[in-house]
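First subunit A sits with subunit B, and in the next complex the same chain sits with subunit C.
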Partner chain A sequence: MTGAAAGLVDRVRGVQLSGLATVAMLVVAVAVNSALQPNFWDSYALTSNFATFVPLVAIAVGQTIVVLSGGLDLSLGAQVTLASVVAVQVVDGSLDRFPLAVAAALGVGLACGALNGLVVALLRLQPIVATFATSFVFSGLALVVLPTPGGSVPFEITTAYRDSVLGVPVALLLIVALALVWLVLRRHRVLRHVYAVGGDADAAYASLVPVARTRVWAYVLGGLFAALSALAILANTGSGDPFVGNELTLASVAAVVIGGTALAGGRGGAGGSVLGAIVLALVTNIIFFADVPTDYRQLVNGAVIILALALAGIPALQKRRPSA
Partner chain B sequence: MSTPLLEMSGVRKRYGGVQALDGAELTAVRGEVHALLGPNGSGKSTLDKTLAGTVVPDAGTIRIDGAEARIGGPRDAHALGVAAVYQQLSIVGDLTVTQNVVLGLEPARRFGFLDQRAARDRAGAALERFTAAFAGRLPLDRPASALGPGERQIVEVAKALARRPRILVLDEATASLHKEQVDVLFDVVRELRADGVLVLFTSHRLDEVFALCDRATVLRNGRTAGTVELAATDEDELVRLMVGDAPHQAPRAARAGAAGAGSAAEGPVSSPAATLEVRGLTTDRLRDVSFTVRSGEVLGLGGLQGQGQSELLLALFGGAHVGAGEAVLDGRPLPLSSPVKAARAGVALVPGDRGRQGMFAVRPIQENLSLASMHRRATARLALRGAAERGAATAMVERLRIKIGSLADPVSTLSGGNQQKVVIGKWLLDRPRVVLLDDPTKGVDVAAKEEIYAIVRGLADDGAVVILNSSDNRELTELSDRVLVVFEGTVVEELDAEAISERRLISSALRLGPGETL
Partner chain C sequence: MSTPVVDTPRRGLTAWRPGPVALAGTVAVALVIAGEIVSPGFAGYGQLVNLMRVAAFLGVIAIGQTIVIIAGGGGVDLSVGKVATFSAIIGSRVMAGDDANIVPAVALALLVAAAIGLVNGLGVTLLRIPPFVMTLGMIGVVQGLILAYTGGQAEGRAAPALTSLVNGRVILDLPGLLFLWLLLGLLAVWLLRRTTFGWSLFAVGANRTAAELTGVRVNRTLILAYVLSATFAGLAGILLLGYTESVFLDLADQYMLPSVAAVVIGGTLLAGGIGGYAGTAVGAIVLTVLQGLLTTLDIGGAWRTVVNGVVLLVLLSLYGRQRRLRS
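Let's look at the complex of A and B:
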């Protein structure tokens, strides 16, 4: 049994140092937030907070998969927008059509992800440029589908989203569910190949990994999580908005980095990104409750993100330092 | 004999300006360990890769069991029963050992979900024979990046073995293994041979080839020079096949003497005081390297490629982590901690990877030339004058006879030879006292090569210390006053002017000679 015990030690050693940094940031963010927001721990405030976390958590998981594959998807926010306006047009206030709307949103995510994947993997364009370009296509389509904010989500959905089950907010359960989906995916061959391709694409190719197909899969999975993010936004706001996803792209990349996933690919995981997304959402909260003047909020938010990225990067730097 | 298991014929492959394979042939049968030999750049690795599918040849046919095989990628090769151990390992550092061994062929349950237990079992079985190399315990769950070079090499071997190949390609698979691990690998290879597997074995250690292999095919300049039964061959015969019957090249010094009182001959004596002395230099890849070079001398670095020559140049330029040792230039220690300090101390490096490390391809020729020496012409170390920059660049273009349209054109518009002259010129403007050249004529056409040779000689004649690494033995014979033969990170032999010949360089690189063991 010593072998098994030693194996466990190895596994623990394999955990990223930056995981600690992420948890530390979360603790600090929670402490500051609860100091500034007197009713932070009340069930209403908790429910409301978790309700705003879900969309960011979902898109962060999607971005994690793309980043792990060695890519980057700057169109994820636009995909959220497109999926949400399509879904809101489909559902049109009717609970009966909600399953159809879910299918439509997922369909949009799948199609957008497939397009990105084909452009990056087969046409071999730089992911940053290619997905930045497709983001305009998706945003443009969203404006065609829903030119001005509007549409309505059945109240049963919005009510359920802000409800609690046995005292646990539904939104928190959704975050747990997203984490579980990630854990299931991790046990799948496609995710293993995503890690291999992001870690060393040449070695993966020589090792019989279907590199191009794996890259396409990464973008498709990213798109599907963007669709889940869109559905959460609809459930939270109750109506459609053709600009709703704009700020989510940067936040998704920031959450990934704060979560300790290497932007170079191949190293990290969505668990950290979930925490990173929550940290980012708490920062927005803190800025609100700290009475930062409205005009300065964006500036402070940006500065805090840069600070968080720098902190998250320190352990990674130590790891990269050449050793013997 | 029945149809051979493997027949490769007319295999051609061109990389940019280099014809790596030029109609290579190889025939081998099942149950054979077949060595693939040849000097640097003869195409061994490329031929291995065409079989393994990581390189798609421009022309040629591959027959396996008599049937023509279309190998468009590693997956095609796998389907035909070919597995390879690559010289540049195909290990993903962030994955665990188990994940690496089964990579691409992960055992899965329904819907593609991984069967982790089966994966561990398979990896454990493949690595079992090598347990001793891991201090008795297989690191199945450790990330591959945490392993030492030898351990990674074994994982790479185990990965190929786990694929149960009919044809196993071992490209320098023993390069970073200890003796005991090599013995285990050889046992495994002999068992595979008994089971009818064909093993293609490439190694720079000739004693291993004689110990293990049945036959050998020798490549030279991308063509097959011959296939021999090793039992009926000696090392001299192998070296003859590798070098060919090319006319014997006289060493440079002898030729210079014959040409009369050349300036090259008096170079070394003109300023005997200026010397670079390297003592006990040790890095990750170098062990205790010591030598002395006088100004006016061209010191060649020979041996097989990748034995630490480039690392030595990089270390002298402050670009490597130096564990021990020092370099002294004219009695003053050279700073080995950063390239900027090295450059200030008068050291210049013309790097081997011109495109990535030597130039800014899309920037104008003028900028590329003036970059390293701007501080010399700057007023108060700040302001640059356009006329002075242009003047310096123009003078260098004329001096090195760089063929350009306009100084404003990007460097990428030039031919390989002229690009290399720009990289050299950039450093000459900084008036270096030590010039390190890492394979300066790689991918350069013949005419430009001759001009670069003249530049290198000129540098030495002007009193610089010149150290030249070259994978081209002919180049070393033509240019060097002395050659240090580097093997596995250490200097194993010093050849003086009379001793430098292509034949001698090759046999020395392969470590042939009396009293020598590995």
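Let's look at the complex of A and C:
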């Protein structure tokens, strides 16, 4: 019993420590960025920075929910791509059809998430491999819907997205809104079940938690957040691109790890992931403003993501348990 | 997620189910027959040799993938395609079309590939990053390395000797590549079945804790698995270079998904500990024939990607299911 209690204390401390580490990384990233980018605090720079953060923040929240349930969704980036190309084909430059496009994007996210959820929960495939397979289905379909970059988003949407209300960038408000959605979800029974399933599926099953249904819900929520990410990308770039989500999958996992959510599931939350996503986006900014030669940017970016993923393993390294 | 799950044999079902290798072989033959019906000439000798040649590259890349997947614990190497591309790029640049440079070019390319595999292995074992995530991240790093190394411009050329080794006809009008594949395949089977490393690998894949307790060096075995995976990918890249003679920046990238699918078709369990290379080789042939069939049916690249994903999903639901909570 004392062992379990000690484990619990350890666990809580671990979460708090990594929370502190996330905030520390954010502070460092902001400091370095504002030193390198001379007008970092100008409203224009802030607005355009936040505008680029929203897609990653949204997908990171979605990935967090899936990870908390004990899974991992490698198809989220492909879902972003599919939702965005479907939405851009639906909207076709007309403001009247924008609500329809939003519905279409959310519908795509819902359908993709449901497919993943059914495959993982009912067919009982390993989440990583199953979503790896579905990611090819989604990105192939995206290419069918929009073979080459194109399509246009009504300028009212792109303008509003980069606008600010009372000096606060709209994009920042969207990030706050995403965080609020998370907080509301967090209080809902479904998310409590997600934590339970991710922590210990057998125990959750024994406690009458509907494990399969909860897993499906986790992937559906992940898909819906991917759809929101897709809409943010469209509002930011103004046109469709059938490869736009490729890089987002790994970044979403890295954001979750930086945010202190355990990849094993059951521990953590989307608050950290929001900060983690912002840290990652700032790093991309920093690489740009630090005058890293163009040919080396991707290498530096890739190395940073690996290092971020390695952060999750450092506590494991210190404890020196026998290998998992 | 990463706990090694030992599949209990499914009694009753296994009684009538053919082995995965036989099943995959049957599917390959069926696909060839279907191709011949849809488009006469599909099963002609020259066409079949051509399909086998395409399958060979996939087959060699999938050697490493088989090793990593047998190691279990969610082991997989998504960076194989990118590593093969990078290896071909290094090879072509150092060779610069001169036979005298073959040895240093191949040595350097394989060394770099092995180093990438070492980083993968260290990340997976010491830092315990899930293999899928680690090797996915490595794709970005290798892509970055490629850009930094080439400046976005692939240069160089395969040495003539390499090209004639890969493309030259040996016996029965079969290209040398097929014999190289056979040789490497036998090497893989020997490695898995007849060496201490192979035995350790199966032990680690079947039950990591038990392997550790019986004195198997788990981490060393795992790291070696990732090094071998990257090295075989690098070797496939060199062979591909010999075939295409010049390189482009995404030469072998598309082998990522098929390399995993070939292993799964071949009956190697994604949970680890069970499987072998013979099945993977047949799996590589099945996938290649399927691609050939889709091309013959004039199905575009986008839909082919969809079909590939669906095929992997179907295969996984046949072989890769996890245990029920209720049991």
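By our rule, the second predicted complex is superposed on the first by the 293 of 324 C-alpha atoms of A that agree within 3 Å, B and C clash if a C-alpha of one lies under 4 Å from a C-alpha of the other, contacts with A are read in each partner's own complex, and residues count from 1 in each chain.
Here is the rule we use: contacts are C-beta pairs under 8 Å (C-beta built on N, C-alpha and C of every residue); 3 or more make two chains touch, one makes a residue touch a chain.
What you see is a predicted model, and the numbers here were worked out from it, not measured in a lab.
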- Message: Touch test for A:L263: subunit B only (first), subunit C only (second), both, or neither?
- Response: second
- Mind working out whether A:Y205 is in touch with subunit B, subunit C, both or neither, as first, second, both or neither? both
- Task: Could you look at A:L166 and tell me whether it touches subunit B, subunit C, both or neither (first, second, both, neither)?
- Result: neither
- Task: Could you say whether A:L141 touches subunit B, subunit C, both of them, or neither, answering first, second, both or neither?
- Result: second
- Task: Count the residues of subunit A touched by subunit B and by subunit C, then name the partner with the higher count.
- Result: C
- Query: Once the shared chain is lined up, is A:H188 touching subunit B (first), subunit C (second), both, or neither of them?
  - Reply: first
- Task: Would you sort A:L74 into first (subunit B), second (subunit C), both or neither based on which partner it touches?
- Result: second
- Query: What is the contact status of A:Q126 with respect to subunit B (first) and subunit C (second): first, second, both, or neither?
  - Reply: second
- Query: Can A:L250 be said to touch subunit B (first), subunit C (second), both, or neither?
  - Reply: second
- Once the structures are superposed on A, label A:A303 by its partner contacts, choosing first (subunit B), second (subunit C), both or neither. second
- Message: Per the definitions at the top, what is the overlap between the subunit A residues touching subunit B and those touching subunit C?
- Response: 202, 205, 322, 324
- Query: In the complex of these two chains, what residues of subunit A are touching subunit B?
  - Reply: 3, 6-7, 10-11, 13-14, 187-190, 192-193, 195-196, 199-200, 202-210, 266-267, 322, 324
- Counting only contacts in the complex, subunit A reaches subunit C at residues 70-72, 74, 119, 123-130, 132-141, 143-144, 147, 201-202, 205, 211, 247, 249-250, 253-254, 263-265, 295-303, 305-306, 309-310, 312-314, 316-317, 322-324
- Provide the residue numbers of subunit B that touch subunit A in the complex, in ascending order. 52, 54, 73-75, 78, 84, 86, 88-96, 99-100, 103-106, 108, 111-114, 116, 137, 139-143, 159, 284, 321
- Message: Under the stated contact criterion, what part of subunit C meets subunit A in this complex?
- Response: 1-3, 73-74, 76, 78, 123, 125-130, 132-134, 136-145, 147-148, 151-152, 208-209, 212, 218-219, 257, 260, 270-271, 301-310, 312-313, 316-317, 320-326
